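Dropping the structure in here first, questions after.
Labels A, B, C, D, E and F are assigned to the chains in the order they are written; within every chain, residues are numbered from 1.
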Amino acid sequence: MPIVTVQMLEGRSDDQKRDLVEQVTEAVSNTTKAPKEKISVVIEEMSPANYGVAGKRASDQ
Amino acid sequence: MPIVTVQMLEGRSDDQKRDLVEQVTEAVSNTTKAPKEKISVVIEEMSPANYGVAGKRASDQ
Amino acid sequence: MPIVTVQMLEGRSDDQKRDLVEQVTEAVSNTTKAPKEKISVVIEEMSPANYGVAGKRASDQ
Amino acid sequence: MPIVTVQMLEGRSDDQKRDLVEQVTEAVSNTTKAPKEKISVVIEEMSPANYGVAGKRASDQ
Amino acid sequence: MPIVTVQMLEGRSDDQKRDLVEQVTEAVSNTTKAPKEKISVVIEEMSPANYGVAGKRASDQ
Amino acid sequence: MPIVTVQMLEGRSDDQKRDLVEQVTEAVSNTTKAPKEKISVVIEEMSPANYGVAGKRASDQ
């Protein structure tokens, strides 16, 4: 605990995902005072065909 | 906000997924009065090997 | 299957939530061709203190 | 209802996933008294590049 | 890792929830071979007004 | 998009939750290059009776 889930469109580089996990963990630890060892981060990448806002998918824009 | 997640077995066509995002957004907007621009829809497609009811996976039936 | 989750700010009436479940189920059935009996809808209501966009919570605006 | 989601690193065999769905369903039915027919299990498999603890991804260790 | 989430209607006793966490953890450890210390279980309890099947909420039946 | 969900035990102050939303949004924007206006953060607070590790709930320790 805490468990952080980041849902985002696919397409970020491996370096970006490594930095994301590192910096989100720091932000959560700084503000909640949970030790870093207790913080998990899960990245869920979505296809533009599987995500939409305002009724229109990212792949249809 | 609102954020809608639809988990379903893989196998729907791209047209079905486009219609799904459009019609679910309308249903949520109609009933919650949230403007469409504020409504996100995420589709999560599952393999039949990763989903089961009553202890039996879809791929084992 | 399918499982639909709607996350939204608290404050809708019981009638709105009943209509939401009914109309979202219809939209999902119409577009995915899943029979209604197989469609579950879960509503998760959030406090404005627990949701933010652009780094600012709904309760701080 | 109930809906059980198991998030885990990819790499388990098909047999392990079948047993997982079967045994988790039994554990939930035994303890909650929900009939098995009402229990769904979803497996979400993650890449080691998309999961980290203590700020470090599984793929970076 | 693994992270298990159990969504169910509210109303189970504290003893049932303790047994649920214990027995689900065993089932996941037995089948995935993950050590128990790595397995987290989260219970999300829902109001009957926030859950429906076939377009009808549990609270409307 | 992106959508960030933070699941944690209840008990943090309102100030901690405000800072959490602000700093997590910055971390996600810095690393994914998504503009802040596109980033949503949801906090889900859990009771110690509804969360366990290694088969033992936080409320039983």
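The rule is short, and it goes like this: contacts are C-beta pairs under 8 Å (C-beta built on N, C-alpha and C of every residue); 3 or more make two chains touch, one makes a residue touch a chain.
Everything quoted here is computed from the prediction, not taken from an experiment.
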- Task: Spell out the chains that contact chain C while also contacting chain D.
- Result: B, E
- Query: Out of A-E, A-B or C-D, which pair touches the same way B-D does, with over half the contact pairs the same?
  - Reply: A-B
- Task: If you tally contacting C-beta pairs, which comes out ahead, B-C or A-B? Let me know.
- Result: B-C
- Task: Report, in whole Å, the distance between the mean C-alpha point of chain E and the mean C-alpha point of chain F.
- Result: 20
- Would you mind pulling out the distance in Å between where the CA atoms of chain B average out and where those of chain F do? 24
- Item | Averaged-CA centre spacing for the pair chain E and chain D, given as whole angstrom | 12
- Item | For chain A, residues contacting two or more additional chains | 1, 3, 7, 26, 40, 42, 46, 51, 53
- Task: Using the contact rule from the top, write out all pairs of chains that touch.
- Result: A-B, A-D, A-E, A-F, B-C, B-D, B-F, C-D, C-E, C-F, D-E, E-F
- Item | Complex interface listing, chain A residues touching chain E | 1, 3, 40, 42
- Which residues, counting only chain C, touch chain F once they are in their complex? 7, 46, 49-57, 60
- Message: For a test of understanding, state which residues of chain F touch chain A in their complex under the given definition.
- Response: 1-9, 12, 16, 19-20, 23-24, 26-28, 30-34, 46, 51, 53, 58
- Query: What residues on chain B touch chain A, complex-wise?
  - Reply: 14, 17-18, 21-22, 25-26, 36-37, 39-45
